[in-house]
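Two complexes, one shared chain (chain A), two partners (chain B, chain C).
Right, the complex of A and B next:
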């Protein structure tokens, strides 16, 4: 399944910047960064559980938030990109 | 339909900060901010065209990007929120 992960953290502190890097690294193991704090990941249900567990171990639940959207199987038809940076193909570089 | 709008801009410059405020204002006319640069909007097809036209008139296409995801009708089942800030109910405060 394809999921969109949006991460919100204050990166004004070094610890926040570190959490953002760690969240990005976790998401990049499953997909691609499409915007500064938005990732599209291709995961099976077990991988999604692993990814969520990892993300929840990284974030500060008092200050950070993560939203995970299940994009379904026809995600390519569900997304439009405008402006800078080309849209990524999450299947393009993903090692599965 | 429910759409997710993710906006990416460098807010290091005053003009970028101004664009972000204008994008947020446009999105808030149709829905809610759920993260710093992520909005969930409830729109009909005509409103979506209006919103897109407005957003594209605001952004700097060389530096900014907007991604619009169609969340479908069962969007509430498609999203999970973790950490700070409660999940918003886009129907809760929207004036339709």
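Right, the complex of A and C next:
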């Protein structure tokens, strides 16, 4: 399945900045960064549970928030991109 | 059940592949070019002279079951990185035992060869059905090839020893490749082919075939590795140091339906033309870089096609076929199956 993850982490304190970096890192292990705090990940249900647990252990629920949107397996028609920073298609041909 | 995942092709000269978290990061001239989580991949194939990978990445790939192999730009296999030998030692021992016994080799190899010939013949028949009526000459060649191949399927199944089986295979292949260019539509003049030539390929079709076989080889080899079989110990192909004989065995049944069909499609759809090749002074014909990329992309696309596996009766993707067949081979060695059900294309 394909999920979209967006987060808001309060960076007023040094520990908040640290949380922000750690959240980004966790997301990067599972998917690609499509915008500054928006990630798209192709994961199976087990991996999603792993990722969710990892994210929840990092954030501070009083100040930060995470939203996970499930785009399902038929996600291609649910995502549209305009403008700069084209992302790669994880199911398409990967070639550099 | 193994899922079909993506293969990453690296054709960029000077690329450096490194591990970044749980992902692979491809860097070039100090800049990151692409970053993909490893769990989305099942293979990384590099086709460049100047391409390197960090030890940390090799370790991560070995652990995540991602096959990492290096080839030269023309597709010749150079090296692959693996972790410690994994899998079931008992299974491998059984594989060696059977490979030592001529009659067991024959039992497996005859099915491989028969499937190879049958699949080649299916290609010919498909060409005959789809566009055989366009010219009388072509129809005759195709029909003759198809008729010549038919009895060879049977004789492969009843061959008395592996050597005569190899003979049957050779004859069938020679016959098939003579009829090969008749399967092209509308551009026979551009692409002439007189049998198979390799190292070097002497005409464009042979160059394309060689590249397609290399891609197939990469997949067959990693399929065997991931099932715990030893890709070097074959039943049809003799052992030779460094030669992945079992992978070559497994390839036989897929050559026609995966590689040959890909080549035919690319040419018949005019995705690749005469201008995509360059001729060396030595007589070797090489594919230009842009065309090679087209082949990789087409291969990847082909692998995502969904089909119904005739023996398992399960919906699967073309890319998983080598894995499924390697599993069936392992099941045969374990004694769960009586004979090897080779893959026959519809």
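The rule is simple: the second predicted complex is superposed on the first by the 88 of 96 C-alpha atoms of A that agree within 3 Å, B and C clash if a C-alpha of one lies under 4 Å from a C-alpha of the other, contacts with A are read in each partner's own complex, and residues count from 1 in each chain.
What we mean here is this: a contact is a pair of C-beta atoms (placed from the backbone, for glycine too) under 8 Å apart; a residue touches a chain by one contact, two chains touch by 3 or more.
Note that this is a predicted model, so its numbers are computed, not measured.
Once the two complexes are overlaid on the shared chain, A:47 sits against chain C while remaining clear of chain B.
Shared-chain residue A:21: touches no atom of chain B or chain C.
Chain A is touched at more residues by one of its partners, and among chain B and chain C that partner is B. Of the two partner chains, chain B is the only one that A:38 touches; chain C does not reach it. Put simply, chain A uses no single residue to touch chain B in one complex and chain C in the other. Against chain A, in their complex, chain B makes its touches with residues 4, 6-8, 34-38, 52, 55-56, 59-72, 77-85, 87. Put simply, chain C touches chain A in their complex at residues 3, 6-12, 15, 20-23, 26, 28, 33-37, 39-41, 293, 296-297, 300-301, 304. Contact residues on chain A toward chain C in their complex (touch as defined above): 25, 28-32, 41-44, 47, 88, 90-96.
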